[in-house]
Amino acid sequence: MSARSHLLVMKFGGSSMGSAERVKAAGRLTAEQHAKRGVVIVVSAMAQVTDLLLDSMRRAETADEAGLEANLIQLTERHVSCCRELLPPAFQENAMAGVRGLVHEFSRIAKGIMMLGERPPQSVDKALAIGERLSALMIAVYLDAVGIRATAVNAAQIIVTDSVFGNATPLMDETRERAATVLLPLLVDGILPVVTGFNGATLDGRPTTLGRGGSDFSASILAAALDAEELWIWTDVDGIMTGDPKLIPEARVLDVITYNEAAELAYNGAKVLHPRTLAPLIERQIPVWSKNSFAPEKPGTRIVSKIEAAGGPHAVTSMADVALVSIEPTGATPSGAKLMSEALSALDLSNVEVLAITSSSYRQNFCFLVRQSELGRTLEQLEATFALELTHGYMKPIQVDSKVGLIAVVGEGMRGTPGLAGRIFTAISRHRINIIAIAQGSSEITIAIVVHRDGLERAVRAVHDECGLGRSPEAAQAAAPKAPGVQ
Amino acid sequence: MSARSHLLVMKFGGSSMGSAERVKAAGRLTAEQHAKRGVVIVVSAMAQVTDLLLDSMRRAETADEAGLEANLIQLTERHVSCCRELLPPAFQENAMAGVRGLVHEFSRIAKGIMMLGERPPQSVDKALAIGERLSALMIAVYLDAVGIRATAVNAAQIIVTDSVFGNATPLMDETRERAATVLLPLLVDGILPVVTGFNGATLDGRPTTLGRGGSDFSASILAAALDAEELWIWTDVDGIMTGDPKLIPEARVLDVITYNEAAELAYNGAKVLHPRTLAPLIERQIPVWSKNSFAPEKPGTRIVSKIEAAGGPHAVTSMADVALVSIEPTGATPSGAKLMSEALSALDLSNVEVLAITSSSYRQNFCFLVRQSELGRTLEQLEATFALELTHGYMKPIQVDSKVGLIAVVGEGMRGTPGLAGRIFTAISRHRINIIAIAQGSSEITIAIVVHRDGLERAVRAVHDECGLGRSPEAAQAAAPKAPGVQ
Amino acid sequence: MSARSHLLVMKFGGSSMGSAERVKAAGRLTAEQHAKRGVVIVVSAMAQVTDLLLDSMRRAETADEAGLEANLIQLTERHVSCCRELLPPAFQENAMAGVRGLVHEFSRIAKGIMMLGERPPQSVDKALAIGERLSALMIAVYLDAVGIRATAVNAAQIIVTDSVFGNATPLMDETRERAATVLLPLLVDGILPVVTGFNGATLDGRPTTLGRGGSDFSASILAAALDAEELWIWTDVDGIMTGDPKLIPEARVLDVITYNEAAELAYNGAKVLHPRTLAPLIERQIPVWSKNSFAPEKPGTRIVSKIEAAGGPHAVTSMADVALVSIEPTGATPSGAKLMSEALSALDLSNVEVLAITSSSYRQNFCFLVRQSELGRTLEQLEATFALELTHGYMKPIQVDSKVGLIAVVGEGMRGTPGLAGRIFTAISRHRINIIAIAQGSSEITIAIVVHRDGLERAVRAVHDECGLGRSPEAAQAAAPKAPGVQ
Amino acid sequence: MSARSHLLVMKFGGSSMGSAERVKAAGRLTAEQHAKRGVVIVVSAMAQVTDLLLDSMRRAETADEAGLEANLIQLTERHVSCCRELLPPAFQENAMAGVRGLVHEFSRIAKGIMMLGERPPQSVDKALAIGERLSALMIAVYLDAVGIRATAVNAAQIIVTDSVFGNATPLMDETRERAATVLLPLLVDGILPVVTGFNGATLDGRPTTLGRGGSDFSASILAAALDAEELWIWTDVDGIMTGDPKLIPEARVLDVITYNEAAELAYNGAKVLHPRTLAPLIERQIPVWSKNSFAPEKPGTRIVSKIEAAGGPHAVTSMADVALVSIEPTGATPSGAKLMSEALSALDLSNVEVLAITSSSYRQNFCFLVRQSELGRTLEQLEATFALELTHGYMKPIQVDSKVGLIAVVGEGMRGTPGLAGRIFTAISRHRINIIAIAQGSSEITIAIVVHRDGLERAVRAVHDECGLGRSPEAAQAAAPKAPGVQ
C-alpha cells in the first residue's frame, strides 16, 4: 500500500472527446487533479472517428476512391475545426500541422489498401491508432495552452503486446519496464503524459490494437504498470448501471460494485468496461471509478474487490448477437464426455470464447453459447474436428440456433436470495417468452438465460423490474413483498 | 416389422420373486402369455437375496466366519422353504438339491474370499449371479410342475460382455449369435427358457455382471437379440410414475412415456428402469410395458418412441447421492476452455458419468455433478490430470459440495410450456430451499436443478405439485391458472 | 483405363521458359504432341522472374522506391524483348499490350505494399502469379502465331484451394468440376489451354499460391482432374538423377523410378519434383515422365507405381537447411511417451513437417529433424506447449543443433540388400564424418542419416559412390565385390 | 556429502541365497562390513522360490490340488532343510516355526485362490512376498546365531507404493519417513535390519510388489531413503559385463560404468539391474557396486555418475521378446504427426513402454518396438484409439512383426567414435542378417538395431566382437586397425 505512487490514471472515452467543448471539459478535469497529484491521461479517438477510419479502409479496399476522399476531408475537417475552437491562435498552427501529418499518414495506408484490394491486419491496426494519436495531440496542445505542460505519447512506445493484430494481449513485464522508462521521466519533470488508448506494439515494434473498446484496457494496463493509486474512467453516463438505459428507462446507477460483478457485466454485453480491463487491476487491488465527464459532480460508480452489500442481483445485461450451438452424439459414440472434451479443445484452439455451456442429459448432448461474430470460426473448427464422426454418422449434424439472445443476471451473493430464480423465470414467462437454455453454476455470480431473440428486450426489462433494480435499494426492499407468493 | 418374431420377453424383478406365492403369480402370468406366443422370461434374484450375498462376501472378507455361516443358512432356508411351499412333493427333491448345489458354489467363493482377505471383482460377479440362478431354477421347476416345459438358462451362456467386472457392457453381435444358438432351439421345441438376469460372461467365459438393477438390462438385451415383439417388465408398482411415491404420496402412474423420457428418469435416479435398458430397444423400436405383477389387470405404462401428448413436464425425479465439483482457473491459466476440455477427457478415461455440467462465467470456472460413488475416482483423476496446475497455482483447489441433491424435471416438449421454469423455481423457493446450480440445454427434455440436500425432498414434492403431476392431465390443466401471476 | 481421356498434360518449368528460343522450343514440343492428342500445358514464370517479383515486393516493403522502379523496368524489358524475338510483328502489339497490363497490375500491388510497409500474404500470392500469367500469355500468342489455336488460362479460375496463402492445398472435387467447366469446352473446340502454374484461388476467389516449385503440383492436379493419359514434366536436366549433379559429378539419370521413391527424394531435398506433386497421380495411376526440354530426344525418367528392378538404393539426396531438436524429460516427468505425444501434437498444429524422428533410450528423450525455415515456429510452439514443464523443471531445456545435414538413401527393396547399412556408414566414416542420428523404419524405403553440416557434401558423395550409383547397374554389380569385407 | 550417513546397504539376490552354504557366505560378507559401519541388508527369496510360489498359485487357480500340495511340501522342505544345515540346534526350533507359519500363510492364500478359481493381484502380491520373508527370517536368525544382533523386517512396513499391484511405484517421501521410523531405531540400537526385497504396501497397508527383479529396486529405494554411503548389489556374476556371457563366451566384466549406461543396458534387456533401480540413486549420487558373492575378492563393477574413459561402446545387450509395430496413414489422413501423437498418447495411457521409435518417411508412417508381453495391450489400445480411422480406411491395418530382436549398443561418448556405425552394421551383415530398423538419437548413448530374430544371437556376438569388447581396452585399441577400411 505504502509503496503505491500517488498517481492517478484517468481515461477519457470518445464521448468525452466529442467536441472542442468536451475536450475543454476534459482539460479542466485533468487540471483539477493535476493540482493534487501526478496524473497520466489516456484518450480515445474523438467520437465516431474510429468508425470513420474503418469505413475509409473499407472504401479503400473496394476501390471507392471518391468515398475515401470525402472521408479524408471529413477527418481533417473534424479535427481542424476542433483545434480552431479549442486553441488560442498561437497554438493552432502547430496543432493543425500535426493533424494534417497524421491524416496524411492515414491516407497513405488507405491508398496502399486500395492498391492491394485487401486490408492486412497490421496496417489496419496502425491506421486505427491514428484516431487516438489525433485526440492525444489536440488535448496535449490544449493543456499546454492552459498552462499545464503536457505531451502526447503513442502507446506503441509503452504497451508491449503479442502479435495478435486486432486483439492483442499485453506482455505486462515488458510494459511495466517501458512505462518506467518512458513515462516516469516525464512525470518527474512535471510533464503530463497524454497516452493514446487502444493501441500498442509488438516487441519488435509492429503496431497492434487491443480490440475495440480497448482504451479502458490501455488505462488499466498503465495503472497497473505504474502502480497507480486509482483509475478513473470518464464516460458519458453517470456510472455502471443496473441495466442498459436504452432498453430500461428506469435503470439506475450503482454506487459500488465488485471487480467480479463488473467483469461479468462486461463479459455478458454491458457496454461500460472492456471485459479484460479489470484483470490487471485485481491483482494490485487498484480501485476504479466510472464517472460521467458531462456531470463530474456526480459520484459515479466505484469498483472494488469486495462490498458489504445486501445480497441479490445487482444488474442485468443482455447480448443479442449470440448463437446457441448444440452437439448430440448418436448411440454409436462411445462417450459424450470425450466429444465435449474435443469440442472444447477445438474452440480453445480457435480462440472462441464460450459464453455459457450446459448439459443435463443421459444422451450426453450439450449446448453452448458463442458470439455471432465467432460462430463461423466455431463451426469451421468443430466440423474439422468431427469430420470423421459427422461423415460416418457417429454424431448428429451440429445444430445452430441464431435467433437467440442472452440475459445475464449478475450479483455477488445471489445464492443467498431464495426465490430469486423463480421470480426471474416467472417474470420472463409472464411476457410469453420461451426460455431455451439456463446455466447457473455453484460458485457463480451470474445466471445465464438464453431466450428467443424476439423476446430479449422485453425479457430484460421484466427481469430488471422483477429484481427491483430500478428503485433505490430501500424502495426495492419495501416493494419486494408485493411479488406474489414469493418469500 | 413383418420380420419380427411373435416373441414376448418378460422380466420378473426381485419383488415379483419375493415369496412362493409371488413365484406362483409369476408362473401364472407366464402361462397366460405362453398360451399365445413364444415367451422368454428373465428373472432377478429373490427380494433381498443380492444384498444377502453382498453382505456375506463382506463378512468373508473381514473373516467374520460366524456371520458368514449364519448368512449361508439363511440363504439356504429362504430358497428351500420357498421350494417346499411352491412345489408338489415330487418336484421338491430335485429343486432342493439344485438349491443346495448353488449355495455350496457360493460358499466356496465366500471361503476363498475369507482366505485371501479381499474380494476380487471376477469372483464377486460369479458369486452374485448365484442369486439369479437360484430363482431361475425354482421358477423353471415350478413351470414344469404346472405343465409348462421350461428350463433355467444361465445368462453367462448367452450375454457376451466386455470384461469390466461389476459394470459390464454387452457385445451385441456376439450376444445375438449366442441367443440364436442357445435359445432358439429351446423355443422351437416348445421349451420356455428362464434366463438369469443381471449376469453375463466375457468372450472367454469369465463371469461378469451388468451392474445392480441390471436384470432390466438383461431382458432388453435379450429382447433386442431375439427381435422380440414386446418386452414386459414386471415390478411391484403400477408403472412408471410421475414421482417417487415414497416422497410424493400423490404421484400417479403414467399411461405412456417416450424412450427418451424414461431414460432421462432412470438416468436421474428413478428406480424403475436401469438407465441403459432402453438403448438396445430404441434402435429396433421394440415397445416396452412396465407392469405390476401384484395387479396384472392394471394397464401399466407403455414406453414408445413418440407420443402425441400435451407438452409440459411428465415426471420429476431426484438423486441424493451426488456431489457438485467446481473447477476454477486462476488468472495465470491461459484458457478455461482448455481446462474444461482436459477435465472432461480425464473423467471420460476414468469412466465417470457426468450427470450435468454448467458454466456461465467470464472467469471460466465450471461445475459438474457426479454420483457420490464415483466422486473418489473423479477427484483422483482430476488431481492427477491437474497435478502441475494445482501444485504451481494455475488453478484453484478443486471444490466439492457433497451436501447437494439433484432434481430432474422431465418431459418432451417442455420448451413449449411458457412459465414453467418460473413456476418450478418459485415453487422450490417457497420452501426456502436454495438453488445451487441449474442446467437446461436447448434440445433437452430435462431441467436439472441442484439444491441443498436438506431441502431435496421438500423441493421434489413442491415441483411435482406445481407441475400438476399428481392429478389427471385434465384436472391439472384446469388447476393451472390458479398459480398466481403465471400464464 | 479405357475411361481415361487421350489427353497429355505437359509442364514447362522456368528454365524451359528461359528465353525466346526456349519458348520456341517449348512451342515445338507442344505442337508435336498436339498433332497426336489433346494437350494442356502448364507453364512456370520465365527463369528468375519469380525471384525478381519477390525482390520487388521486398524493396517495396522497405520503401526502396528506386530499386522497385528498376525492377519494374527489368520485368517489362525481359518480357517485351522476348515478345519481340519470339513473335511475328503482327502478333507483337497485342502481346506487348498484355505484358504491360500485367506489369502494371504488379506495380500497383507493389505500390500498395510500399504504402503499408508490409506484405500481406494474399497480395503476395496475387502478385507472384503474375510471373506465370506473363509466360502463359506469351506462349499462347506464340502458339497462335505458329498456327495452333491456344489461349492463356489463369489457374485461379480452375484450381480451387484452401486459404493458406503461400502454401495452399487444392480441393480436388471443386477443382475437377472447374477443370471440366473451363478446360473441356476449349479442348473440344480444338483450342489448346496454356494454364499458369503455381497459383490458384479460394472458393470465394481470393488468389493463392501452392508454394514455390508448385508448377509441378499444378500440372499434376490438372492431370488428375482431367484424368489425363500421361503427365510430362519438362525441365533442364535429363531426368531424375541418382544424386545432385552439383555435388556428385558422376550422378546419372534413372530410367524408371517408383512414385514412392520419387516422393521420398523430393521430400528429402531433391530438386526435381515438388513433394506433393505425386499424390494426385498415385490414386489414378497416371504415369509421369521427367524430361529435358534442352534434349527432348533423350528418354528421361519414367515414374510409375511399381518396378521389377534389382533391390538396393536407387538414389541419394541431402538437405543442408535442417535442424535437429532434442527433447529430454527429467526424472520428475511421469512419462516420456506423453511428452512425445504432446510435442507431435504441437508440431501438427503449427503445420511443421517432421522429417525424421528417433528415440532409443530409457530416458525417453527423443530427437527429430525439421527444416530450418520451420524451426522458429517449431520452438515457439514447443515452448508454449511445455511452458509449465520447462518453467518448473519437469523437462530439460529444448536443445537445437543447427549445424547438421540430412542424407537420405532411397530405394524400394533396400531391406533385401544385406550389408548395405554397414557399407553406407563405413563409407561416411571413412571421411571422418560423425553420424549424429539415424532413423530407418521397418517398411520404409529411406535410411535417414543426420551428420555434421561440415561433412554433408563429402558424405553424400561417399554414399553415392559406395552404393555404386554412378555407374550402370551392371557395372555397379560387377564392382560390388571390391567393397572389402562385405557380402 | 558430509550429511551422508556412514551406512551401507547391501542386497543379496536369489543366487546369493541359494543354499545354506550361500546364506553362510552372505552372513560372512555382512559381518565383515558390519564391523566397520552401519549395515542394512535386503534379501531376495531363495533361488527358484518365487517361481515355485507362482507355480503354486497357478496350480491353485486351476484346482490342481495335488500339485499344489506337492509344491507346499517342497517349499517347506527347502527352507527347513536349509535351517537345519545353517543353524545351531538351539536356534533351529524358532526358525522352523517361523518357516512353517509363513508357509501356512501362503497355503491359506493358495487355497483361497483355488476356491475362487482366479488370482486377484493383491493376494498374488501378498503371497509372493512370502518368499522374501522366508529368506529374511533365516538370515536374521543366522546372524543372531553368529553373534550379530539382527531382525527380519517386512518391507511392507517401510516401502510405501502406489496401488499398481504387481508393478508398484514407490512414494519416496512417505518411504523416507517410514524408513526413519522403522529402521533408524534399530540401527541406533546396533541391530542389523534384514529387509525383504521386492515388496511394499500402499499407504493404507495393502501389500504390493515392485515387479520381478525388484529386489535391486528395494535396495536402491532404501539406500536413497536412508542417504546411504554406498549400495552393494551381490549377485552370482563378477559384475556388469560387456555382453551376455551365455551368448558371448568372451564377454568380460567392466570396471566402471555410468548410471546412464547401466540403466540403458538394463532397459534393453541386460539381466544385471532392474531398469528402475538407478533412478533413486542418481539424484543423491550414491555409488553402486555390482559384486559377485561367489568371488567377493573380485572388485566387481562400480556404477557412478561420470567416468573419464575412452569413448566407444562399452557393452552390447539384446532382447528377443520384442515386437515391431508399424503404423501407416493412407493418403486420406490429414497428418501423420497427429496420428503418431495419438498413438503415443494411447500407449502412455496403457502403460506400454516404447523401447524405440523411428520414422523417416514422407508417407509419415512410423514404427516402434515394444515388449512382446505388452504387445496385446498395445494393439488393443491402438485399435480402440484408431477404431474410426481403421474402419473407414484412413489408416492401413496396423502391422506387427514379432520375429524380430533388438540389439542395443551402449556407451557414453559413442558419438565421438567415427566409423563405429559402419563397423557395427558391416559386422552384422557379414553374417547375412537383415537390419530391419535403426534408431539412434543425437544425445543418446545407445544405438538400437532391430534385426530378424533368427539372426539375433549371431548379430550380438558379431557386434561384441567388432567393438573389441571381449578384450582389454588396450588390446582392443591395438586390434582396431585390423578392421579393414575403417578408421
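When the chains are written out, they are named A, B, C and D in that same order, and each has its own residue count from 1.
Assume a residue touches a chain if its C-beta (ideal position, glycine included) is under 8 Å from a C-beta of that chain, and two chains touch if they have at least 3 such contacts.
Owing to the predicted nature of the structure, the values given are computational and were not obtained by experimental measurement.
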Relative to subunit B, chain with the most remote C-alpha centre: C
Higher-contact pair (C-beta pairs counted), A-D versus B-D: B-D
Centre-to-centre distance between subunit D and subunit C (centres being mean Cα positions), rounded to whole Å: 50
Centroid spacing, where centroids are CA-atom means, of subunit A and subunit D in whole angstrom: 62
Between subunit B and subunit D, centroid-to-centroid distance (C-alpha), Å: 47
Touching two or more other chains - residues of subunit B: none
Complex contacts: residues of subunit A adjacent to subunit B: 260, 263-264, 266-268, 275, 279, 282-283, 324, 326, 328, 331, 335-338, 340-345, 347-348, 352, 354-367, 399, 401, 408, 415-416, 418-430, 432-448, 450, 484-487
Contact footprint of subunit D on subunit B as seen in their complex: 108-109, 111-118, 120, 122-123, 126, 206, 349
Residues of subunit D touching subunit A in the complex: 388-389, 391-392, 394
